[in-house]
Amino acid sequence: MVQGTVNWNTEITQEWLQSYVDDWVKFYKKQTRDGEVASYIPELNKANPNHLGISIVGNNGVTIKSGDVDIPFTIQSISKVFCFIIACMERGVSYVLDRVDVEPTGEAFNSIMHLEMRKLKKPFNPFVNAGAITVSSMLNGKTSDEKLEPLFILLEKMLGYRPALNINVYESERDTSIRNRAIGYYLLELDYLESDMNITLETYFKQCSIEITVDDLATIGRVFANDGIDPNSGVEIIPRKIVRLAKALMLTCGMYDASGKFAAYVGIPAKSGVSGGIIAVAPPRVRDEELPFIDGCGIGVYGPSLDDKGNSIAGIKLLRHIATKWDLSVF
Amino acid sequence: MVQGTVNWNTEITQEWLQSYVDDWVKFYKKQTRDGEVASYIPELNKANPNHLGISIVGNNGVTIKSGDVDIPFTIQSISKVFCFIIACMERGVSYVLDRVDVEPTGEAFNSIMHLEMRKLKKPFNPFVNAGAITVSSMLNGKTSDEKLEPLFILLEKMLGYRPALNINVYESERDTSIRNRAIGYYLLELDYLESDMNITLETYFKQCSIEITVDDLATIGRVFANDGIDPNSGVEIIPRKIVRLAKALMLTCGMYDASGKFAAYVGIPAKSGVSGGIIAVAPPRVRDEELPFIDGCGIGVYGPSLDDKGNSIAGIKLLRHIATKWDLSVF
Amino acid sequence: MVQGTVNWNTEITQEWLQSYVDDWVKFYKKQTRDGEVASYIPELNKANPNHLGISIVGNNGVTIKSGDVDIPFTIQSISKVFCFIIACMERGVSYVLDRVDVEPTGEAFNSIMHLEMRKLKKPFNPFVNAGAITVSSMLNGKTSDEKLEPLFILLEKMLGYRPALNINVYESERDTSIRNRAIGYYLLELDYLESDMNITLETYFKQCSIEITVDDLATIGRVFANDGIDPNSGVEIIPRKIVRLAKALMLTCGMYDASGKFAAYVGIPAKSGVSGGIIAVAPPRVRDEELPFIDGCGIGVYGPSLDDKGNSIAGIKLLRHIATKWDLSVF
Amino acid sequence: MVQGTVNWNTEITQEWLQSYVDDWVKFYKKQTRDGEVASYIPELNKANPNHLGISIVGNNGVTIKSGDVDIPFTIQSISKVFCFIIACMERGVSYVLDRVDVEPTGEAFNSIMHLEMRKLKKPFNPFVNAGAITVSSMLNGKTSDEKLEPLFILLEKMLGYRPALNINVYESERDTSIRNRAIGYYLLELDYLESDMNITLETYFKQCSIEITVDDLATIGRVFANDGIDPNSGVEIIPRKIVRLAKALMLTCGMYDASGKFAAYVGIPAKSGVSGGIIAVAPPRVRDEELPFIDGCGIGVYGPSLDDKGNSIAGIKLLRHIATKWDLSVF
């Protein structure tokens, strides 16, 4: 695959793409009124519900960004993907999957019920809270900072800078995320945690509070689209096997209990967070050569007004529109 | 995309591929001993548990088949994909999806519980029995034969012959499939059925009893890989939008409550049946050009010895091996 | 215990009691407006929602009746008590309890979910539909009429006449009670039924359709209050052990998923039906001798306007009032 | 009712009763081998599994005690009854029942699932942990000691001495009872708690750790049998309405998820704790005058070897035997 070349039809210029995306961001921005900003973490509730931004970074060297792209936001549940990857890199895929399953649940992300029914004897998947907290407990290190250091190093490798923790969000989350403490104790009782529960939860709240932009998500998504290889250097920074597994999980479990609908209507691996961020990944495809991103791309979206599943209400619609029109689907 | 050309590295000849697949079919055949043939439908229980066969039909014009490829078997739950497609063609996608959701459940295929919890007010997806029976009720026609006629026509278009109903299996299924009658009555009470319940169940039992071979499944899979276009004639026989939706559902919900694991470890759309059949679809991919089926292919597998989820125990392992080695994953 | 003697304070005459009950029937009759007549069986829906009647038959020889006491109605779920008794008499208590548990569920009477969760490997208790249908399958006899003959004989012994089946209700029930067919098939699949499923359901629908009056329920209740002994003849017509068991079950599971509240607020064994009937039993108590029914009594109530649990909305309030004022509670 | 007189047949002397109970305690003591001492709280695990003791204190002035009656033990879940009573006395019955329902659940005492399903929008009853913790949060007072002071006062009124807290058990419980912390956080998130969560849990762990003997339980049970009136002084120490409610709840929900079976086979209000204690209450009954405790009695049992529901395995059998033979059942 030749990287960096623009190879679509001459009529589809970058200017045309930019103006196309601008139009649709403007169009879908109206939809932000139908949702609501997350309220359960007070700090998140300060977000501007009208914001909507998107960044698309293609393997063809083209970057399109539009809307509110400069607003930093915390990654929240998007961190579940990154920590899952780090845990697999540190412990090996088998070790992690022996302790967390990879089945979608049909239940809400913060469900405890499935643990009690114990159909699976482990959390259903690493993207429901029970699974993500279990994954955080597997990270190497004695403190939450030690545990997250490899994640910061990985992010810095991909982004070229070390993202910061939003301390206000972290503290807000730590002090108010009661359900996660209930889940933590439940996991502790089931003996699923590999580290001290308080350090695990501290790790979890910190990983959720890493601050980033849509450009960053798109850049990371592009690495995922390239199976873990840095498109600039050609160096593998995440093992292919692990990034593939992560993408499969994003497709089946990435969008809370609307994951099935997202797979059906959009058809690309993605993970959302309650801050309104979404990371999406379009792997390279054989398609009509006139399509702009057949070589693959990473996409970052931000739109803090959420639907009732906890996904960015306008972000999902924007993604669906673009993925359909530009045929990004993996299917 | 140029169809029909063999474009892989000259060293990977068809002979090499054939011998490779032969070796692995032989290897995985031993695994059939770890499973059990379906027992709840007496007629299915007559299958030979040692059987294992595979057929791969590529867009590159290459067909590989190996093992017990000549054993006819009934499609069982694989029919859920076909009837979902027919219902979408007859009623439109929105009509169907208003009545059946597309979310994976985490529950067994024959679960009634989720209907009672009524989180979704409709069956979770068209591939659990409750959803499939609801879909069958939506098919046009007053009798089960009328309802299934478009399916037979579609199959004939793809296969070049009209497959037959296995009457023994149909009667066995009709007379013994008690849980499906429980589900039928439950759906009737919830007012989800669009046709008479008995005709709906008759339709469902008949669609499950259509007899086919691994070659047939591979041929159909190839049409799916081609987004509904007959690779020989170039004619669209299933609308692209519908076949894409079907492939997305196969990935998220196709392998019973092991769908998440299949997506994670194999990574291609597939649907299994309790007879031991699996249809799998590898859409065209941009990959290393030395790989044999980067142009996409359809795969049919048969291995009636099942694991505890109801999937062909050796078939899944064989598929996983080949999909991994030849990099068929959509991710 | 001396039967037939009026032994309360001379000021509490039968006239006083009659006028007291008349007043409160009149008062609670207004509450019938807050409920709704059962609609899922069309024939039941014809009942007059304003009806409310009560009959109290005491061991002291006093009978008080008031309100709409002459309206015949079908016993519906009240039959679950009677058939449980017959099954215990025919098969022995252990045989029956090996096949149906005696635990309250917290779920609705027509729940299938608990069967699927299979915490108990048998229906939770004989008063949820799944348990009652299982009990009906245990009754001796090849046809539904043979199965129910001992019940009719028992009722005739207590009532002095053989109650009739309301054919319209039976046929309405048989033709429309879809959920019970779902439950029937589910039980069949779990291999819980001891007779042919269709005959079992026919038996169940017939037992529900036996027609009776509040006087009849009070008369039967008085036999229960006397531990199975006919108060007139002194002859035991139900073994004490079985009637005690039935009364315990009535207290813990008799009023659908409001059984706990009925036990807490009323405190006597009772069983309701969706026709609006309730049978209640006040065993003899040591209490203040001025209370009218310390020697025990049977109570029949009819009020077809139901609350959201399926219990007579005014009937429960009337019972609660009288049971509290006259201190009938077993506690 | 004349208190304090022995009025049974002259042949049934206290000596005869004593020797009868001695025989059966000896007989059932062998059954202790079939159970296991609670292990989830380390301190409880130190109990001697062979212990079995009973104390029966009758309104007729007779006290029978037999077996290991001098072993002090902590009341554990038995405290749920006492705190429910205190909460009702402090806040009023309606206030408490608006916040905790009185329905049996069919689920284990430490279930969180029902909270998530939220069928009832409040804990199912005050005797599952979720309900009991909610009740503890309603007690007046800012500290756990303030909250429990009225309970200690009430116990002292009934027992004539102020029972002590077993500090070792309390600390063991506080440090290891992880599931209860999970439940605490879950309740906090649902906004069901009326006090600070940590103080509430501290209160709950302390109330469970009150140390007592079988004599004490029998003495308290006798007050319950007398509807809250101290049989010695004739003074009402618990309002009748509240003690009646408590007895009804004990019957429907007192013995964990074996409450239905206990009601059916034993038939008297009772509450058990995982320490192996049981308090049981036989209200006065009209029965054959030859029976020893027709005037009502309180019973305390201790047997730390538990069955799989968490009830004293030998204690339940002993209670069942005696309740049946002496006809203590309320039905």
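Labels A, B, C and D are assigned to the chains in the order they are written; within every chain, residues are numbered from 1.
Everything below uses one rule, namely that a residue touches a chain if its C-beta (ideal position, glycine included) is under 8 Å from a C-beta of that chain, and two chains touch if they have at least 3 such contacts.
Here the structure is a predicted model, which means the values were calculated and not measured.
S.K.: Centre to centre, using CA atoms, which chain is the farthest one from chain C?
M.R.: In terms of C-alpha centroids, the chain at the greatest distance from chain C is A.
S.K.: If you average the CA atoms of chain A and of chain B, how many Å lie between those two points?
M.R.: Taking the mean C-alpha position of each chain, the two centres sit 30 Å apart.
S.K.: Between chain A and chain C, tell me the centre distance in angstrom, where each centre is the average of that chain's C-alpha atoms.
M.R.: 57
S.K.: Could you check chain A for residues that touch two or more other chains and list them?
M.R.: Correct list: 117.
S.K.: Mind listing each pair of touching chains for me?
M.R.: Pairwise, the chains that meet the contact rule are A-B, A-D, B-C, C-D.
S.K.: Quick one: in the complex, what on chain D touches chain A?
M.R.: 111-113, 116-117, 178-179, 181-186, 188-189
S.K.: Please give the residue numbers of chain D that touch chain C in the complex, ascending.
M.R.: It is residues 1, 101-107, 114, 119, 124-125, 244-245, 247-249, 251-253, 257-261, 263-264, 267, 269, 283-286, 294-296, 329-331 of chain D that touch chain C.
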